[in-house]
Amino acid sequence: GKFDEYGGQYVPEALMPAIEELEDAYERYVLDNEDGFMDEFRQRLADFGGRPTPLQRADRLSERYDAEVYLKREDLLHGGAHKLNNALGQVLLAKYMGKDRIIAETGAGQHGTATAMACAHLGMPCEVYMGRRDINRQRPNVFRMRLNGAEVTPVTVGRGTLKEAISETMRDWAENVEDTHYVIGSVVGPHPFPAMVRDFQRVISEEAREQTREKAGRLPDSVLTCAGGGSNTMGLFAEFVDDESVDLYAVEAGGSSLEVDEAEGVAPNSATLSTGTEGILHGSRTRILQDGDGQIMESHSVSAGLDYAGVGPELAALVDRDRVTAVNVGDDGALAGFHRLSQLEGIIPALESAHALGYVEDHHEELGEVILVNVSGRGDKDLETVLEETHDRDIEGAPDMDTFESTGGF
Amino acid sequence: GKFDEYGGQYVPEALMPAIEELEDAYERYVLDNEDGFMDEFRQRLADFGGRPTPLQRADRLSERYDAEVYLKREDLLHGGAHKLNNALGQVLLAKYMGKDRIIAETGAGQHGTATAMACAHLGMPCEVYMGRRDINRQRPNVFRMRLNGAEVTPVTVGRGTLKEAISETMRDWAENVEDTHYVIGSVVGPHPFPAMVRDFQRVISEEAREQTREKAGRLPDSVLTCAGGGSNTMGLFAEFVDDESVDLYAVEAGGSSLEVDEAEGVAPNSATLSTGTEGILHGSRTRILQDGDGQIMESHSVSAGLDYAGVGPELAALVDRDRVTAVNVGDDGALAGFHRLSQLEGIIPALESAHALGYVEDHHEELGEVILVNVSGRGDKDLETVLEETHDRDIEGAPDMDTFESTGGF
Amino acid sequence: MSRIAEAFADGPAFVPYLAAGDPDYESSLAYVEALERGGADVIELGLPFSEPIAEGPTIQSAIVRALEAGMTPTRYFEFVEDLAVDVPLVCMTYYNLIYQFGEGGGPDDFVRRAAEAGIDGFVVPDLPAEEAEPLREACDEHGCELVFIVAPTTRGERLERIMSQVSGYVYVQARLGTTGARTDLSDRAAESLERVAEWDVPKAVGFGISTGEHAQRVVEAGADGVIVGSALVDIVAQGVERGDPAVTVASRLEGKARELKAGALRGASGNERPHPERT
Amino acid sequence: MSRIAEAFADGPAFVPYLAAGDPDYESSLAYVEALERGGADVIELGLPFSEPIAEGPTIQSAIVRALEAGMTPTRYFEFVEDLAVDVPLVCMTYYNLIYQFGEGGGPDDFVRRAAEAGIDGFVVPDLPAEEAEPLREACDEHGCELVFIVAPTTRGERLERIMSQVSGYVYVQARLGTTGARTDLSDRAAESLERVAEWDVPKAVGFGISTGEHAQRVVEAGADGVIVGSALVDIVAQGVERGDPAVTVASRLEGKARELKAGALRGASGNERPHPERT
């Protein structure tokens, strides 16, 4: 359960037996494919999820950067992002474990919708905790969860955002741990979550590695993707970690600045790997954004999905070992990357994914001849944010939005 | 260019040379794969579009209907619907023909977004005509087109909806026919559009037929999908037409009623195959919704994508020959189908596709043991409509939306 | 000699267009009659169709107004009968209205009724020569002419096919695009005229003619007639917008007609007329 | 004998919890002191952490209030020094605050400073026995106790591991879930007590105890102490909501403490006490 000094199981005692039970199930079903669990998982990922997702040569980016740029198209996965790989794996695992209820927390709503989808598909009751403020900000995602039959329970304490929702879900789990599985949304939390979620997301790099060899005739020189909690990151890196010739870049959200405001407890970024320090958060030891006392900072990013003050412990360890290079791109660079891919390739990426594209723009000369970038999700969910943010800033290459100016917003 | 008595080329003289040129290009590139056109098309559909899309056994629907129900997952195609098959084919063809500009019309915005995407991907300038009223109703789609670099030109004449946009696009084409290709969005319009669009969409049934044989061990007993203009319909049926054992059902939008209001020129449905009569509309002879004088009626459906007063001439001919059975499902049945698939299978379908699911619910006993249904698109675009319509009606199986009632709408 | 042929017989013909029933039945009657007073030799009278794919925004709006005021094929024929004009009338409409009339399923009922009401010919913008056989036959049966449009892009075999079917006059489209008044008149008019010069049928040029000056130049380029639609419909639209009385609008139409007719006549008289036959 | 052991020595101990600095420094001092006047034998004094994953909404809100009022680890130790109470104090907080204090990278600085300020022990809800080694060592070094929580789900090897490390008292969690006042008190309290009966360390039961009646029943079930948090924090929250003066709230807390202490004492005296050792 450790990745060098990171990882571990820092959870209330009441949850420890459940975590041990999960650890056992992880080893049997996921690692040893007991009862054909992994076979069923992969079949459902194919039929329900739409795997394999394509690897696409980005013709116009390749020309722009005078390199071979390949895009891994996780945006085409059912639900519009890589999130389903994990949600489907965990809900199926819960079924194998004999659990009869699923809970999850969600911030922007992407993990909640993926979990609700997986639960509907597998006929499992599902309750998703979500801050009241997030519910009001992310109405389409709330509606999608409700459509898939999930209960969406508003969390009204505190600021009504992700952190309060996590506490509330932990609370539910602590209370109902015997029949309930908590589907954590990223490679975070206590062991075995970071390893298990990575193994459910590993399919991204299994495919991408093989596809790159087929299309480019060799392995990529560099592999890039965004990193918030790090589930798409670890999913994309997992199979490349042992390929010494391949450089791995985790692109974090630089937000508006890498400076922090200690007094207010606010980091105007989510660059945990780049600027965070070792600590304990949400069940594991990892890099976190914290003040000098160890209080967790409020992180910020134009991309809600990267907006998290922690990061997966394995990713933190890989950065410490210099196997993964942690870099970051700010809000403006991400918005420009969003517009660039939309216009040049006809793919509207998630704002999360746009961070990786922003990094390629500025550093392509250091990235070698064959560059693999993960489009971890699609950007339909971000239209309103992009409309507002683009209006307020001077973003390179953004289309003018005169068509809208009569009424503003959607 | 004829399908029995349907089809033909009823267009202004100025367009005839372009249509003849297109006919020639269709025969050479599409039918004869000249210069490897179809190979490139299929490769781009795979890498950029995400083909093949899966065929999924719907476990819970299968149980519900005591039959094997398979879903063809066109909702997983890039852009969220089958529309890209056609848009990508036509834009690529225009490139092979040496055209350097693309125009298209769009109503609800799905065809416009698919065309804009394909144009961005292939680096073609794109202008999409859209009624001013539709622009205001479909803001996210307008934004997506703009993001992909397309010009969106508002059409303000008349009611500012699809029909005015079609006229305006024809006008542009007539004026710029020498360097411009008009990407028609369905199997309608003058020859060769109906045949060509069918051939671009045919990939749906090529895959689905083979996938059904693999998964079910035999051909389906019945194949169903929604029919508006009919492009996903013809795409799904094309390869099954010669399989005599397979029943084909085109499910039209029954709207609120099959009755028409002649005085107002309004049909509260879009059931062209079921209730329309022979006539000439938008370049071809087909079934249309018209009054006794031959004026075209205003059609209606809760699903904007089915809301069209004409239908593909080949589909009309197949119905006349009794090879395809035209049926219809009203707004309520479609909404119930939408909620049913969302809750039971974790797939939020387009409201268009929900019509076919509504038909299966009421008639599954007549559909045999192996039933193939096309999920032609995903329903994210319909969330707001469904929220409003579900609130106003008493729809079977709809989740309650209390979470939202404080503010209403998104 | 048909009435239309007679109209083209001596000097260049002025062929104005208005949509019947725009903006209402009575005003429209007055407007069409004003055109005759202004010098019209033939009048193209639009029967509004709900999907006018070949029209520019000006005429499209006229069609919307006429439909909203209740114009139908049946009313149209009454309108033709009520018109107090003496010049030949050409019905301009879309094929579906022709096809559905009466029993439906073919053009015969429509053409019979039109001929009865006093229509001399037809121009159907969405009916290319390839699909025109049934209408051609009905026209022959009921003694009407069938006008075809020749576009700047029409050449070779297509041109032959059209010219072999045309009667009354050939509608030479001066430029690409749909109907609409333009201030620039393309050189393509002359080119197009040259292409059809060898056929012995009157050549009327339309699309984009909005002033006497234009009309003059078109006739100078060899046209036997000038067709003007949008520039006249604009006057009707302006009247609607300003709420002018019908009599005022009618008199403006008459004035505009005079200007156009005069231009056409100037084109025919003054300068040397480059008759293709003679070059 | 440690101060905590002494507190449990004669009769059932009443162990109330409050978050330090809720809703402000001065009031909070008064509230904690009121608990002692009400009969507290040990006080669990929360040091607020920004992500209190083990707390119910009541205590979570208290933590938010305390943080907003400026509570920090440094202030917390000053708070402990400013407190005029004589009973042993147990610091309840999350591991990251302990880990980061001072030089950071380990618990030693925190425990040293806490011991200096007058803290007698620790309970850390997100630190299971498996990860507790460094803190255990620091406690030994600085003469503090390390309290562990035993949950209804804790059995077998895990139980052994915890019980072999615990000192001061074992915090017996009466039911699943997080902290919070409940009117139903689970039978699981008795079961849980039975599971830990064989170890020779005081057993304090917490989670869901909100009345003297509850306290009595828990002691009757064999507890050596009752831990009460949310029911007291509720009184603080109510005071904030109503804008009551601190002195009024303090007196209410004192009253509630008396009720709970009295309940615990009733549980110990009256009925036969089913001491597991004796059955």
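In order of appearance the chains are A, B, C and D, and numbering begins at 1 in each one.
Definition applied: contacts are C-beta pairs under 8 Å (C-beta built on N, C-alpha and C of every residue); 3 or more make two chains touch, one makes a residue touch a chain.
For reference, the UniProt names are C, D = Tryptophan synthase alpha chain.
Values in this document were obtained by computation on a predicted structure and should not be read as measured data.
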For chain A and chain D, chains touching each: none
Whole-Å gap separating chain C and chain D, where each centre is the average of the chain's CA atoms: 96
Where chain B and chain D are represented by their mean Cα positions, the distance between them in whole Å: 65
Centroid spacing, where centroids are CA-atom means, of chain B and chain C in whole angstrom: 37
In chain A, residues with contacts to at least two other chains: none
Contacting chain pairs - touch in the sense defined above: A-B, A-D, B-C
Residues of chain D defined as touching chain A within the complex: 49-57, 60-61, 64, 67, 72-74, 94-101, 104-105, 125-128, 130-131, 148-155, 158, 162, 173, 176-178
In the complex, chain B residues that touch chain C: 8-14, 16-18, 20, 157-158, 163-164, 166-168, 170-171, 174-178, 265, 277-283, 288, 290, 292-296
Residue ranges of chain A in contact with chain B within the complex: 46-50, 53-57, 60, 73, 75-78, 80, 116-123, 135-136, 139-140, 142-144, 146-149, 152, 154, 339, 342-348, 379-380, 383, 386-387, 399, 401, 403-404, 407, 409-410
